[in-house]
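Labels run A, B and C following the written order; every chain starts at residue 1.
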Amino acid sequence: MTEDNRARIGILTVSDRASSGVYEDRGGPAVRAYLEEVLTSPWEGISRTVADDQHAIEAALVDLCDIQECCLVITTGGTGPAPRDVTPEATEAVCRKMMPGFGELMRHVSLAKVPTAILSRQLAGIRGGSLIVNLPGQPKAIAECLDAVFAAVPMCIDLIGGPYLTTDERRIVAFRPKH
Amino acid sequence: MTEDNRARIGILTVSDRASSGVYEDRGGPAVRAYLEEVLTSPWEGISRTVADDQHAIEAALVDLCDIQECCLVITTGGTGPAPRDVTPEATEAVCRKMMPGFGELMRHVSLAKVPTAILSRQLAGIRGGSLIVNLPGQPKAIAECLDAVFAAVPMCIDLIGGPYLTTDERRIVAFRPKH
Amino acid sequence: MTEDNRARIGILTVSDRASSGVYEDRGGPAVRAYLEEVLTSPWEGISRTVADDQHAIEAALVDLCDIQECCLVITTGGTGPAPRDVTPEATEAVCRKMMPGFGELMRHVSLAKVPTAILSRQLAGIRGGSLIVNLPGQPKAIAECLDAVFAAVPMCIDLIGGPYLTTDERRIVAFRPKH
């Protein structure tokens, strides 16, 4: 299999502190570690870090979707109620269609851990051939949220024309209907 | 009771293949069979089939609501993430107010069956005197989703000025508050 | 502590009948009674009653947020599907960002009581330094809905720059992460 067959996955850290270097990014590496553990099909991660600025987030998402041709873009950070938290707004602005089930389910599972899970405004949507999924910034919430939704991600990528992703079934059983 | 007293219910199948005759519509008949089983008050079904085209779906919804005067319009199909799946967008475009609780609950009950339930973007909304509810296209998901929400449908129709619907209580107990 | 340190909380009753005096407001007093029972930090309630008119609701929300400087505004009424129920639309119109987790969770807990909980379109959002939360109009649903979400309210107010709220922990344990 050549490098061209590898699925391209964008990992976008949204954080004023991480982007200015005040603070080491922990969210992006946590997303990458999760994908390394779960995906068994070949893939390549494309990491970016931007400030909590709506235009900068939109530009990074458009680049990852349209130029880098990522089939999946996972963001971490900027989903809360604070004035600088605008990742969901940036995501909605660049998506053609929204996927409300992702945010609903991630909040639902996070609520079993902390009552403040309702403050996370994370959402998901489709831009062209890319699925964009927002995650909170806290590293410990990342695996929890991805575990909740990842079984549906490969079929979603199939439906939008992307590469065939496979997972380590000891970890995540990707669901695809039998025809 | 004259025919004029019958509740009018629109059943809209959204499918490129069913609308072009490539494929027999199974979603629309599944919705009709469900209503025949559950409703005990007189009703008349008005069935339509359209392609997965946003303008065609909007036009069919407007006709069923405004001209056919349906108090309830149930759509089947076009709720997924694929590029041609635009039933939720068409529904939102013709509704004055959205009813987020329907989609949330239908996805929640479907999740007990398949993890890909989060890919269904189905929603519900109100246009004038009509409640529009999106369902997925798979016939087996239709009864499952309607069972989840139907107990609230008669009271919703009451509140928007429609006919008094009654249900077979062995199947669905329509809830109305006691005053 | 001087009066200036008291948190200001808006309580907005939305009801044609209560605003015209046909009917005694029971929702607003139920919200106030809840806050008196739960909050242990000093606060002052600012009550308003308006008709089910979108412009009037928007004007009252803007006044409570921008002029009265309430950190929290709780509305009661106008969340259903009836033509005059427009509180969610007015709320969304004045908010910069929406908090979907509040409505999802309140509907989820109300569903354990009545299947018509899905008809409540209540939502929450942020306008500047104010969190606005919609509740249904029925007095008995008010404590039920606030119990579901209130543990997250103090941290939300912290994140938008408001006063430090504390609660009676026998009733609600406000969650704040340990740093």
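Just so it is clear, contacts are C-beta pairs under 8 Å (C-beta built on N, C-alpha and C of every residue); 3 or more make two chains touch, one makes a residue touch a chain.
Note that the structure is predicted; figures quoted are calculated from it, not measured.
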> Does the subunit A and subunit B pair touch with the same residues on each side or with different residues, judged by whether over half of the numbers are shared?
Replying inline: different
> Expressed in ° and rounded to a multiple of 5, what is the rotation angle of the C-alpha superposition of subunit B on subunit C?
Replying inline: 120
> What whole-number Å value describes the gap between the mean CA coordinates of subunit A and subunit B?
Replying inline: 31
> Which residue numbers or ranges of subunit B touch two or more of the other chains?
Replying inline: 104, 108
> Which positions of subunit A touch subunit C when the two form their complex?
Replying inline: 80-83, 85-86, 88-89, 103-104, 107-108, 111, 114-121, 123
>> Please output the residues of subunit C touching subunit A within their complex, sorted ascending.
In response: 97-102, 104-105, 108, 126, 131, 149, 151-152, 155-156, 159-161, 175, 177
